[in-house]
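Shared between the two complexes below is chain A, which pairs with chain B and chain C, respectively.
Our next item is the complex of A and B:
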């Protein structure tokens, strides 16, 4: 395995361990408010390595639990986007003809509306969006690029000789698509999904920062940023640590996506 | 007389292109009896491969079949039966060996999987039974250590081995007719002989009919009992293989035979040059009026430009599409 792939992969594993083990790794519960003493925001100390917020909650514990929420939302919504996009794109490219033309024009319409605008409108109109709703919203607005890529790949593959040969052997259309065509699209899907995760982490953080995503007191990287945004200069530790988490997670996924793109070389059929 | 296994009549396939309608296959008729080997010979672009694909109703997108076309195979009209019945015929009763195994085999599936898939699609055998059958078939087509080879991917095999896999896929269910589209063209000469030998041997054992499509007259001479010569989407001559080689009538057939290099020729002291047919096959959007071969024919006269020749019977099994049949004195010597 190339070094380019190794480092981001290792970093991703660390993030996943943190997400899975947040309740055990955290020194305190994410929403726990001290029961005695003065409730105030304190700078990093031995007891609270990332400091506490104005409600006295431990920022480290909140960031660790936020990892779970932020990554969970990103992974699930990208899974939805990849599934929907693959089905849509494969259908369009495989059947082709008029259906392809109609589906692709619909996709053009969908792509012409900025995603952030849709996200802002829906989440603002909805009020407090529950987590499953947020996942669905991010998933159902994130599949357009996947659909286009898959459609292009399927379109290029469907007249290849091995596809004709499979048909000549009596293989049914669904099986040809599933067994003979889709395996060639895996590299494209893996790369797109990885880059999609990076994008979605940033989007979710943005929405939560604006108060439209994950709702307080639930901790996500974006919502912690939002909590601390009014006091960046005096209580820097509340925004710094979730900020670092967001930047490093996004960079990890981008680096992984780029490394995978080079390793798997999508577009070329693996020989 | 029993009805033939395959009977093709007036097969016409056309494509709408920017340059006009391309009549790529234009009124082809022939029959293949059970167990018989028929060769289709012609240059690139004469419609051989498209004819073959049409028999399995695998017409490339954009291609249109004329309503008069008929392909009858084992009593079923291949061009009109429902998709489900058609799939039951493909690969089981009528199979195809493709020219280029590198592109006709799926690079992401093991060769054993690809042979086993044919079994799985057509029979109720379990995964492991299908795999066992695939391995047995791979061994039968002469792949050494078939059990290990079955787990390999196409790129791990040599060209000759890949073509053997292709043949295993086509023959695993012992079809009644196999269409071999240039089965040896992509291979080295020594491998070509092995593959032909294998096809001959399996043909005897399975008792299948073979429709052999090739531009190589040597292959036809070795394998086929009857030959169709195609030119510009039409059959121009049809004859038993011996009479075609002994007395070709159509000038195009003569040209093809004369254009085969022979070692005897090379050893002659008088350095006679290999004869060729001048020009190329015209594009299918613009077949010449009258006889389609007249631009390249040394015998052509006025009638050839105005009057399209029909396929006429000259001997019981010999048919020719040329005006020379009626006016043999026009032949220039």
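Our next item is the complex of A and C:
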């Protein structure tokens, strides 16, 4: 395995371990408020390496638990987006003709509105979305690129010899798609999904930062940042640490996506 | 013989324009439906208004009518540029747009120009030196810049340059004493307010263009025609120019396609820096359930995206002789 692939993969594993083991790794519960002494925001110390927020909650524990929420939202919504996008794209490319034309025009319309605006409108107008709603919203606004890429791949593959041969031998349509076409689309899917996760982590953080994503007191990287945004000057630790977490997670996924793109070389199937 | 391809070309342009118009209409309709489906109304956030007065307001604005009736009326108004009244700003949406849109366009066009120039320079430099230390460093740098969310970058910039160092203003477009300043000081004041939001947006754009230009330059650099050019005895500068011309095509296409992501970035950057543009206004609008203004924001976003992709087509034709019909 190339070194370019190894580093981001190792980092991703670390993030996943943190996400899975947050309750055991954290010194305190994410929403625990001290039962004695003064409730105040204190700078990083031995007891609280990332400091505490104005409610006296341990920022390190919140960031660790936030890993779970932020990564969970990103992974689940990208899974939804990839599934929907693959189905839509495969249908469009495989059947072709008029259906393809109609679906592609629909895709043009969907792509024409900046995603952030759609997210803003829905999350603000429906007010405080619960987590499943947020996952669904991010998933259902994130599949357009996948659909377009899959459609292109399927379109290029459907007249290839091995596909024609499989059909000539009497293999059913679904089976041809599943067993002969889909395996060639994997590289495209893996790369777009990895880059999609990076993008979704940043988007969720942005939305939560604006108060429209994950709702307090639930800890996600974005919502912790949002808690500290009004007091960056005096309480820098509340915004700094979740920010570093976001940047390193996004960078990990982007680096992994880049490395995967070079290793798997998607799009080559069309050649 | 000459007139025939020309006609084909112009009819293609017309078809493309009609298609764009359709896309904008469909996006606007979708936005309208979405807003009317949303629970609550523009008065949900106003607890100070008595119920009967609220009903009267709703009736005045036609909110009590069936949705299809509202839609036809809305579309007819929209066709003549009437977006309705903004419930938040208490004046016509069109007036609000006239104020805020140029501010966003200013920010975006400056950021785009800077990003393209910087990104292409960096990427082209890297593309001919793939694998060297300089290339790896720049690649890591652009990966980092590409991975930093705009809003966090904004917070860092404010913290560093406005709060700690005090060099630049943290928010807004002009200072409070702007009205009392002489002309030269006014210009300086405006420029000083531009620096931080522009830096945040430009860093994002530059990393995008650099990443793109690097890979296209690297691909062009390995093409046989580069060898040929060198064999012909072209100077290294000339060879580079040759390769760059080819590597330009995907980057130029990218230029137009970047509009939506830049507008998305503007939403966060404008919110952080309280830059009173389209993005900041959209956030205010949705939070205040200002339907008309929110729909207008979606329409503006869609128009920008569509014009971006039209521009991408035009630019591609301009730089790539193969696609120029």
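In the analysis below, the second predicted complex is superposed on the first by the 268 of 271 C-alpha atoms of A that agree within 3 Å, B and C clash if a C-alpha of one lies under 4 Å from a C-alpha of the other, contacts with A are read in each partner's own complex, and residues count from 1 in each chain.
Simple rule for what comes next: a contact is a pair of C-beta atoms (placed from the backbone, for glycine too) under 8 Å apart; a residue touches a chain by one contact, two chains touch by 3 or more.
This one's a predicted model, so the numbers in the text were calculated from it and none came from an experiment.
A.B. asks: Mind checking chain B and chain C on superposed chain A, clash or fit?
C.D. replies: fit
A.B. asks: Have a look at where A:168 lands relative to chain B and chain C in the superposition and call it first, second, both or neither.
C.D. replies: In the superposition, A:168 touches chain B alone.
A.B. asks: After the superposition, just quote the angle formed at chain A by chain B and chain C, using C-alpha centres and rounding to the nearest 10°.
C.D. replies: Superposed on A, the angle at chain A reads 90 degrees.
A.B. asks: Would you check which partner chain A:14 touches, where first means chain B only, second means chain C only, and both and neither mean what they say?
C.D. replies: The answer is neither, since A:14 touches no partner chain.
A.B. asks: With the two complexes superposed on chain A, say which partner A:250 touches: chain B (first), chain C (second), both, or neither.
C.D. replies: In the superposed model, A:250 contacts chain C only, not chain B.
A.B. asks: Per the contact definition in the header, classify A:99: touching chain B only (first), chain C only (second), both, or neither.
C.D. replies: neither
A.B. asks: Chain B or chain C: which reaches more residues on chain A?
C.D. replies: Between chain B and chain C, C touches the greater number of residues in chain A.
A.B. asks: Where does A:113 make contact in the superposed view: on chain B (first), on chain C (second), on both, or on neither?
C.D. replies: second
A.B. asks: Could you tell me if A:180 is touching chain B, chain C, both of them or neither one (first, second, both, neither)?
C.D. replies: Touch partner of A:180: chain B, not chain C.
A.B. asks: Please work out whether A:206 is in contact with chain B alone, chain C alone, both, or neither, and reply first, second, both or neither.
C.D. replies: second
A.B. asks: Between chain B (first) and chain C (second), which, if any, makes contact with A:33: first, second, both or neither?
C.D. replies: The answer is neither, since A:33 touches no partner chain.
A.B. asks: Superposed on chain A, how close does chain B come to chain C by Cα atoms? Whole Å, please.
C.D. replies: 14
A.B. asks: Where on chain A do the contacts with chain B and the contacts with chain C coincide?
C.D. replies: No residue of chain A touches both chain B and chain C.
A.B. asks: Give every residue of chain A touching chain C within the complex, in rising order.
C.D. replies: 105, 108-109, 111-118, 120-122, 124-127, 198, 202, 205-206, 209-210, 225, 229, 232-233, 236, 239, 243, 246-247, 250-251, 254-255, 258
A.B. asks: Can you name the residues of chain B that touch chain A in the complex?
C.D. replies: It is residues 53, 56, 58, 60-61, 87-92, 95-96, 98, 100, 103-109, 117-118, 121-122, 155, 166, 169-170 of chain B that touch chain A.
A.B. asks: Per the contact definition, I'd like the list of chain C residues that touch chain A in the complex.
C.D. replies: Chain C residues touching chain A: 19, 22-24, 26-27, 30-31, 34-35, 38-40, 143-144, 146-152, 155-156, 158-159, 163, 260-261, 263-264, 267-268, 271, 282-283, 286-287, 289, 294, 297-298, 301-302, 304-306.
A.B. asks: Write out the stretch or stretches of chain A touching chain B in their complex.
C.D. replies: 96, 159-162, 164-172, 175, 179-180, 183-184, 269-271
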